[in-house]
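Quick notes on the structure that follows.
Order as written gives the chain letters A, B and C; numbering starts at 1 within each chain.
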């Protein structure tokens, strides 16, 4: 009984941690970009205000849409939140883990994406159709890379659950297999940029529908739905980021506060890095984006090869 | 002495940039060539001593090829006296300097005993012959140069990789000097040796122009100036063949001759086949010579692949081919001078318009296609003999068939050029046949004939000893 | 040291991949220079404990020649060329990137089959060298611009240089130098010919060099 209560508490703690801290990353990215542009920029907590404001507003639905359009934002948010349960975050161990949960992890993201794409198609708008087709194309490549990375990590850790791959008890052998892990990190970072529609794949600040990918799909969402989608995006960035952190920080101090502190500063560092990249790079032309993703695939393949050569000791 | 032979042309090449007049530059070129030849003649009497910690030394195989280079170079330099007179609009300074560096690099090929040094020398010949091809700076010439440079450089890079593999195979020997390799050949690691043999054959085979690495050859020979073509098809290909023979020597000592010969046999048959197919539809005289060169290179490696009397035949054929091809390309140079073209349908009735060149064209044709009493006939017969005695009946049959096809293909072009009706009268007598543009050709023709009717005993002894390197009697 | 050596070797291969993925001629030349400089540091990492003057000379000369002089010279060769992009490669960028992934995998498999007669410093050296050679070759055959083909050839030579580093202790300095000099002169001559091509044809697209054929 006590164990059950403990499990429920840890579940809630995890959920709260994700929900509370994820919009903060967007704020840090925004601040970094403003710094590089020589501006003061919006406050760090602007994403919280935005979400709070949107949550208070009502929704407008087009008469051509069906229930899919209404359900999609909720499903998307729920899916990414559930995927967050599988990932250990700093001092918090993952509340849920079982053999093979990496596949669930990838497919929860796919589920979220699938419903967003369906909702975009549901509106019947040609612009949203463009966005949906692009999102589907690019996700094909990024999922390949993601699975290859997981394969490489699974070969290193000889395990198939996320906690077993990168969790607290696992210390990744950076001395032996350093090159492979570096490649996995690079590849994973590229995937993270693509999955979260950041520059150089997609520009979250653009206002030209023809060049957008993610933003153009959610043009028709408003009010609470839009808030869910924004929140979902923030949580997705946070979950993928924390996975990256788990690879990058291979040690644990066993002190829950220390670990969480290191984790939080690492995440902030990641957000700053993304902000810097967004400031110094231009968005790639759409026909170059596949090359960007292919390079992520190749990094992963390369990592896999090195693991196969060096792995197992 | 060997060192002098390599460095002197280099120094003379440097002098070319100082000398003021064209006449002085050409006479210096001829003098250097004559000096080179006289040194080589001395080497036949007294073998030069090894130099530079055994890096430079001359064995009979090297001597044979060095002699080819030297004789051809002297003839070509005499020919250039008249040829360059007609090329008023191009700077000869750079051309002659490159020619001399080319000579130096080819000499280095024949005397180097270290496989790395051999590679360096062969790569140098590629680079400097590329500059020579581009003498006229026509768009077609640039295209040919580009193809030659790129294909040969990649091929030679393969040869470098092969050399490195050989160094790995020679881990226990700790040296790439030919002497050490040959005397400790059984210590070579077999798998790496085989790998290196494949890469070396591909690499140096590219330089020789063996099928399937031949595609640069017709383009380059089609666009190169006649004298450059003579040097390339006669001397340069012999240098590449020398590199392949060195590989064969190592294989012979390491008991891998069967492996080596199976590859060369295949490359030889392929070259003959492709040459015979493409020579049939040719419309360009010089391109036809390019395919003929592929054919002869095929015969050379085929002889090596057959073994037995084939080694002797192959070396003998190398001599014959060098002079026959030299003659043909100089004839092509003359024809290009007269007609400003090398398309066969523009050049007709040479025998009528320019009787001396016409006769030499026919002589060269008979020499190249292996007609008795020229030397090529006997060397091709020797290789056929090797095929029959080695019980390679299919090879022998195909060999005769391809030679027949090539003979028909070439005669169709050459006979029309020689006997056809001249299209128009040569307008001005600026390009009359000058004696200086005929005599060098006559010399080459005479050598080709002499090699057929009379082989001096010391030459046949050298050929015997050189073929003994590969396991021939 | 070995961890650094591994990282550097992986970097060499990755730079090769960048060259294949890039479509700007200037970027390709610069990455080639960077790759050569990185290659030049490898001998120091390999022979860290037993460094000799001969090894230092070879790596410094290689670094200066390939890392700085050759890129400078290649830029000189295309100084008049206005189109500095690989517009229509013979094989597309995506396919070449995928192909090079296969080539890397192939070279790892190949080199796991080859048994090197003595222990080497890192088991990445041979596969990295093979994959660099193959990627150079891929660059050479899949691109239409003359200058990219030259870079492809030079990348091949870089791969061969990497293999030669294994034998560095046994090769005479003079031979090493001769090979480097030859490659440099080769790049020089190729650059001059590229210059001629751009003067005569007003482009450097070798897919237009098709006059000579049967």
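What we mean here is this: a residue touches a chain if its C-beta (ideal position, glycine included) is under 8 Å from a C-beta of that chain, and two chains touch if they have at least 3 such contacts.
Just so we're clear, the structure is a prediction, and the values are computed from it rather than from any experiment.
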Most central chain, judged by mean Cα position vs. mean of all protein Cα atoms, is C
Can you name the chain that lies farthest from chain C, using the mean of each chain's Cα atoms as its centre?
A
Go ahead and note the Å separation of the Cα centroids belonging to chain A and chain C.
37
On a C-alpha centroid basis, what's the spacing between chain A and chain B, in Å?
66
CA centre of chain B versus CA centre of chain C: separation in Å?
31
As the complex stands, chain A meets chain C at residues 175, 178-179, 182-183, 290-291, 294-295, 297-299, 301-302, 305-306, 308-310
Looking at the complex, which residues from chain C come into contact with chain B?
114-118, 133, 137, 140, 146, 149, 153, 156-157, 160, 163-164, 166-167, 170-172, 175, 178-179, 181-182, 185-186, 189-190, 193, 196-197, 200-201, 206, 209, 211-212, 214
Quick check: in the complex, which residue numbers of chain C touch chain A?
3, 6-7, 9-10, 13-14, 17, 21, 93-94, 97-98, 100-101, 104-105, 108, 112, 123-124, 127
Using the touch definition up top, name the residues of chain B that touch chain C in the complex.
114, 116-117, 119-120, 123-124, 126-127, 130-131, 134, 137, 139-140, 142-147, 149-150, 153-154, 157, 160-161, 164, 167-168, 171-172, 174-176, 189, 191-192, 195, 218-219, 222-223, 278, 281-282, 287
